[in-house]
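We call the chains A, B, C and D, going by the order they appear; numbering starts again at 1 in every chain.
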Amino acid sequence: MDVTRVRRTGAVFALALALPAAAPAHAQDAAPAKAVPAASASPPDDGEWAMPAKNYASTRYSELDEINTGTVRDLQVAFTFSTGVDRGQEAAPLVVGNTMYIVTPYPNRLFALDLTQPGAPLKWTFDPKPAASAQGVACCDYVNRGVAFADGRVFMNTLDGQTIAVEAGTGREVWRTKLGDINKGETITMAPLVVKGKVLVGNSGGEFGVRGWLTALDAGTGKIVWKAYNTGPDSDVLIGADYKPFYDKEKGKDLGVTTWPPNAWEIGGGTVWGWISYDPELDLIYHGTANPGPWNPEQRPGDNKWTGGIFARNPDSGQARWFYQVVPHDLYDHDAINELILLDLPVNGTMRKTVVRPERNGYVYVLDRATGEVLSADPYANINSSTGVDLKTGELAMVEAKAPKMGKVVRDICPTAPGSKDWNPSSFSPRTGLLYIPHMNLCMDWQSAEANYIAGTPYIGAEVRMFAGPGGHRGELSAWDPVKRAKAWSVKEDFPLWSGTLSTAGDLVFYGTMEGWFKALDARTGEELWRFKTGSGIIGQPIAYRGPDGREYVAVLSGVGGWAGAVVVGNLDPRDATAAKGFVNAVADLKDKTTKGGTLYVFALPSKR
Amino acid sequence: MSSPCRRSASLAVLAVLALAACDREEREPRGAPVGESGPGAIAQGTLYAGEPSPPDPRRQEYEGNAYHLAQGKQLYVWFNCGTCHANGGGDIGPPLMDDSWIYGDSLENIFATIVQGRPNGMPSFRNKIPETQIWEIAAYVRSMSGQTPTAASPGRNDSLNAKPAEQRTPKAEPKQSTPGGPQVEGRQ
Amino acid sequence: MTARLPIPSPCSAGRGRDPCGAWEGEGSVIPRNLALTLPRLRRGPLPLPPGAGEGVARSASSRQWPWHRAALVLCLFALTACERVQHGIQSALDPVGQQAGRIAGLWWLFLAVLAAVYAVVLVLLLVAAIRPRRRRRLPPGPAFRPEEPIERRLTRGLTAWAVGTAAIVLTLTGFSYAVDRDILALGHRAELTIEVTAKQWWWQVRYDDPVPNRSFETANEIRLPVGVPVRVVLKAQDVIHSFWVPNLHGKTDLIPGRVNETVIVADREGRYRGQCAEFCGFQHANMALDVVAMPRDQFEAWRESQLAPAVAPSDERSREGQRVFLTSACVMCHTVRGTTAASRVGPDLTHVAARPSIAAGTLPYSKGNLAGWIADPQRIKPGSQMPVVGLSADQLQSVLAYLDGLK
Amino acid sequence: MSARDASRFIRRDGPSLGEAETHARLERTWATPPGLWGWLSSVDHKQVGRRYIVTAFVFFLLAGLLALAMRMQLAGPNQTLLTPDRYNQIFTMHGTTMMFLFAVPVMEAFAIYLVPLMVGTRAIAFPRLNAFSYWVYLAGGVMLWVAFILNVGPDVGWFSYVPLSGPQFSPGKRADFWAQMVTFTEVAALAVAVEIIVTVLKQRAPGMSLNRIPLFVWGQLVTSFMVVFAMPAVMVSSSMLIMDRLIGTHFFNPAEGGDALLWQHLFWFFGHPEVYIIFLPATGFVSSILPTFARRPIFGYTALVLALVATGFLGFGLWVHHMFATGLPHLGNSFYTAASMAIAIPSGIQIFCWLATLWDGRPRFATPLLFVIGFIVIFVLGGLSGIMLASVPIDSQVHDTYFVVAHFHYVLIGGAVFPLFGAIYYWFPKFTGRMLSERAGAWNFGLFFVGFNIAFFPMHILGLIGMPRRVYSYPAGLGWDDLNLLSTAGAVILAAGVLVFLGNVWHSLKHGLVADDNPWGAATLEWATASPPPSFNFVHIPVVTGSNPLWEEADGLPVVSGLRVDQRELLLTSVVDAAPEVREPSPEPSIWPLLSALAVTILFIGSIFTPWAVVWGSIPLAVGLIGWFWPKSAPDTPEPVIE
């Protein structure tokens, strides 16, 4: 890391540093204490952005405060860069040293921009040339959610199932490892995470009947260190002596086999295409597992372990420590792959090491990250398919009338298949103690149908059409107080929010909308302070970094797409309510609001000349 | 009524009706392949050296036949066409109910696309689906954008009503878009 | 009275030493033109599973209701028919289950009573037509008026007749209710649940179990432990079908959008035949299923064998067959657990070779029949959803070898 | 006929005419115009009735041929004479034609012909509607059969259960033709029912109070009321079906909130009364034939009338016994069991009354009586097997098997076709003026009776030993082979009986004995006029003083006079007592019913292909109806001419 970066340390910065350190000490006496990020997982900000989640605690919080509630009105474009790929840009740009790295959707080009030069010219381009056919097995647009940087290398995943290490300075390929087989429907869209010299990668393809896994590659050589499947016998899942789940229902031998109809686990999904967090103190990684396949729940009676849950694993061996199944026998394609934010927060007066997760099913889960105990689960969105979580057993109480049926349209199920909130990550500001959750307000009609497994084709078994939920707005940004377990404020958006949020020490929250607006809100009140219309809808993850000139920059990729934007990128026909698994019906007017794009926008305050 | 002219006229009308009805209503589960199925037989573009060859008249046996279209619709679901192309609106694959065709809109083109697959994600179903069934699926695909006779096109299914049935889909005048890479309309 | 034993087809007798060995062996080539092969196909009586023959063959008289003998007399029309009536693997009059037994009893009761009524009517008619009449020669005409005393007598007769009819009808209704309630009560004791989904034109059968991976699927066959009431959950995926195994119980419809239930129990071992009883399209006629009642331990053993994934092919031919299976049209529709074939369009073939019949009871299982079926299903079941795949003779041989190994 | 003075009933307001002059003038007024145009515009109920009968018989023969084809296919196991596709079309066409195009229309045809004669009036009520109904019926039937010949014949069974007949599982237009055929024939049937009801209630001869109405007329009256209540259900359901198929409504789509069972409820709410709609007129035949040939008045007139009415009501309460296998609640099923059993009581009463009539009569065994005896033998057996079907447990075994096929053929052929043949032998002289050959009649009966029983009795056993209905083929070795062969043999004999009948009709039309007004010495009014009856039916409207007018007034019926002879005029009487109330004009012949029927045909057939046909098709229909009802200025007759 560039040591020159750490040199400027403002007063506010110091305060921010002091907070997390101070909070645990006063846990007992200060009752309404604030939540703070796990200290070991959120080191002091160096102004860089070396991993998409900013840090292992996944706070997506920048301690830079040059752009703040007072100055944000003057924010303007510093430079732009066209990626040349006009599919959904879900990636977070990375900034390490003087270079910004951005990865595009398929064909997964990796660009390095030289930030030291005016206009940030291209330093190098790396083209991994993934197989074109992989586009056919990418369920929801062929996106890529970002790359990881460690030890002078950029680690990237390609749609056709490869992980590639690229020399950061030169753009030269160091190694590449083929991990997935597109003929089985396996792709990789997630952003890798580097922990202790290992690149953690999971597969996508829960809609294709793949068998989900998470693997650790040696960062130096690309060799597989361990690989943990999320279905099947314990030996495959890396469940061993260390495994100590909190709840009895997670205990038992070979649950990954016995909770499925015979052989169904072989095509049972449970992929790892979302976010991974890491707590260096407990030395555990946390990752979610996606939906079981097929969507039609009647074809897979049982709990369908280990899909739809959260694993804590040892990063060195991959051995599982605990597991909590958020949605046993998932009914609605509720992948449990959302971001896992490691916070320490007071629960009933005691500070607990927790992992906080705004889940697809509409609840903010707070789990003890050491044990997997559910400390709270509170709805942050409109829900009618479940009534709540029993904190004693960890069971989610489902509403029978909303359970999908074969040959029957079950109407008005909220939330939808993409959930109250999909992959697009929240951010947490220790200054406000609030979690900024970008989410949706959609409901759906669902009819299960028999799914036929044909390798390389989707394995779904559901006809879905989505529509706006109560109130008519389709998106919402909620500021959630994990201590009070309540919403502090929220802002409604017309279109579903499919971008991540960024919060900064300037008490700002940044996010983008699918029409293309990039907005900054006051982190304490939700008041909109600034907005800018980009060329296409925004579904990416904004970041903030300190440029070589010492100034604060905010960057985001604009380019609509993803599941939500499929209607635009695929030019789908909205007359069919089930297009894009029903999402098109909810955003049928998006084509009138935006077009495809693929441009990096970087904003800064006007330089004081 | 006994005028021979009138009788022959009514016979002619009846014969036309009969032909149309026979074509439409025949239930021949075996089907017969239309023309050559090899890639050589099918032109993908619309530009020909010399005169273009006329379309195979046996197409009608599939496109005008209600049973084959209905079978095609069923197979479309069974063989997971619908999981990529939805009920015509598209998903991973391009929509099939609109007017743009990347790899040609003729029955033979669609047949070839199914058999050969296409480079940007369309899998090849060669040897996986018997030829007659591919013709049925291809004919059904054409019915999705209203290219087949309304009287033969399928009605709604007994399932979630995603869109008006094929028999009520207005005919979309096919437009050929260029086949090509992912950048071009992003079609497979 | 000798019962007619179904004659097994030559191709199916003893699968080990296949009399249709022409299918195997080096030089044999299966003609694409099936003229040669089809005569081998036998429809009809299916071979009995080992140990199951006795039950079918045994005379049912021991279980008949007492009035059965009396009723026999009424079968004047065709004595042979009447004999045959009592023995059949698809006969309501040869009950082997309590439900069917109750119904058959009720039927014999109805038959006895109603036959008596019919006899009375016929006698009355006969007498009315031919009885000597006093005024036979009187001309018709305006003077004719019915005589009062006769009219009164007839009126009394009418009243008695009406009361009698009402009494009979009331009694029969009472018996009918009683049996209905009885059958309903039998249903509460079910120990095993089977889910049957009807599709055009075959039966998907799922054995449920609280432990998900102990549930399994099969097709066109139901095996039951003898004497154990089995709850059958009935669903339909396309059109209305009706589940009917006459020897065990009456029929219950399978209706899309609804879930029906019935309870069956087999009191003695044997193989029985069920058939779809609601018109369901082209192949309504060939939508049958086998119900095999077996001793509990045999049933459990069968169940365990069904839970296992498909046997891996052991010899080169079978391995080639598996390769052909997984790379040809087969894989688009069928499931063979343990391989990548997991489609649910057609029947699960994981243990196909252990089933008594193929093509939903259309042909008895034998390698020869299987060959004919795969080579040209549209000839055997025109309009069925199984297409003509067009395998080469060699491929067909390999696939046969593979499938025949899926015990 | 010597006319008694009945002027106390009617005020005479014109000069009186002589007998011959009256006759001539009436003929001039009521005759159908000559030529093709006149033929097409005829509104004479006898002409329309005759057309109905002939057309229905053509359909009967066609459907019979289909039955033979099916029997040939099923003569042995694994036959391949017919493909499943063809077989499915054939059995559907057989059932549909027999039920919709033969049984109901032929019964109504007899009503159209006979009811006005039996109640002593000059024309049926709404004669133009009557003509219209025939054309619509003809169009519906021809449409269905042309469709069948063009391979668009329905193939989903005569009750066309959804979802099999729905848009997903019946591609093409086959089921649409079926649905529209239903609409056609139901429009026709409803029209006729309304005419019959009005004719019976308002046009009876003076003195024919309710307790003197011939039982045949009672039967038709009850039937017509049943039609009015039952037929709309099937019209609604067939329209729902065609909407589901054509414009994507979801009446029967369970996924979107529709219900497949809704169809069955609606259909059987019509379908079961339909059986009685066919059977009750047949009991009317029996009650007409029996007294004539037993040569005594029917025994138990009141009981028979009450039985008819009771059957009419109960007939609506047992449709669910067609649905016992669908898994409806047991309590509900029990109710329908009770209702289905209960209907045995009125039927039993009827049987007894007929037996008693025969018992106490001095029977003359002419062919009509033979058929009536055949009717009793067969129908009672069918009725008794019907009692078995009413029991839920037994029905669960035999439902949808050949047992049911046997049952309803016993009920429908035994209960309706046998009386119908009897009725033809009975009324043929009235229709044509010539007698049918008795000798051929006996052969006809014998072959028909024997053939029928050989064909259908084995089916009872077939059903019990497991043979489901509607199978195009069956495997060998299940014990079904011999019985099926026997059944086929019976069908051939049955067909021979029909051939004898056809020959008899063919021959007798030209060479039969010439019949006088009342060749059988019957008692009802239709025998009080010439054979065949003149266009105006009666020179003078008869006056009725008893239930058997021709027997009771052997010297000649009293009559009333005073109706106009220069215009078509009817005498309306009161509903209960048939006291004369008012003179009512009756419409002239008109081509508009035919044109309107054509317009309806265009609309209905067009709507098979596009819903817009309903919109555009209503324009020609409106033109047709306007023409039909266009008011005519009163003709310039300074002085009405009265009989």
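Annotations
Heads up, the rule we're going with is that contacts are C-beta pairs under 8 Å (C-beta built on N, C-alpha and C of every residue); 3 or more make two chains touch, one makes a residue touch a chain.
This one's a predicted model, so the numbers in the text were calculated from it and none came from an experiment.
Interface comparison, A-D against B-D: more C-beta pairs in contact at B-D.
Chain centres here are Cα averages; for chain A and chain D they lie 74 Å apart. We define each chain's centre as the mean of its Cα atoms; on that basis chain B and chain D are separated by 47 Å.
Inter-chain spacing, taken between the CA centroids of chain A and chain B, is 41 Å.
In chain C, the residues touching two or more other chains are 256-257, 282, 331-333, 343, 345, 382-383.
Multi-chain contact residues of chain A (touching two or more other chains) are listed as 407-409, 447, 452, 454.
The residues of chain B that reach two or more other chains are 27, 78-79, 128, 158-160, 164, listed in rising order.
Viewed as a contact network, the protein chains are fully connected, with every chain touching every other. Across the complex, chain B is touched by residues 85-87, 106-107, 132-140, 142, 207, 407, 409, 445, 447, 449, 452, 454, 456-460, 463, 465, 566, 569-581, 584, 596 of chain A.
Residue ranges on chain D touching chain A, taken from their complex, read 254-257. Per the touch definition, chain B reaches chain D in the complex via residues 1, 14, 17-18, 21-22, 24-27, 66-67, 69-70, 150-152, 154-161, 164-165, 167-168. Those residues of chain D that touch chain B in the complex are listed here as 36, 85, 146-147, 149-152, 163, 166-169, 171-174, 244-248, 250, 252-256, 609-610.
Every residue of chain A that touches chain D in the complex is listed here, in rising order: 407-409, 447.
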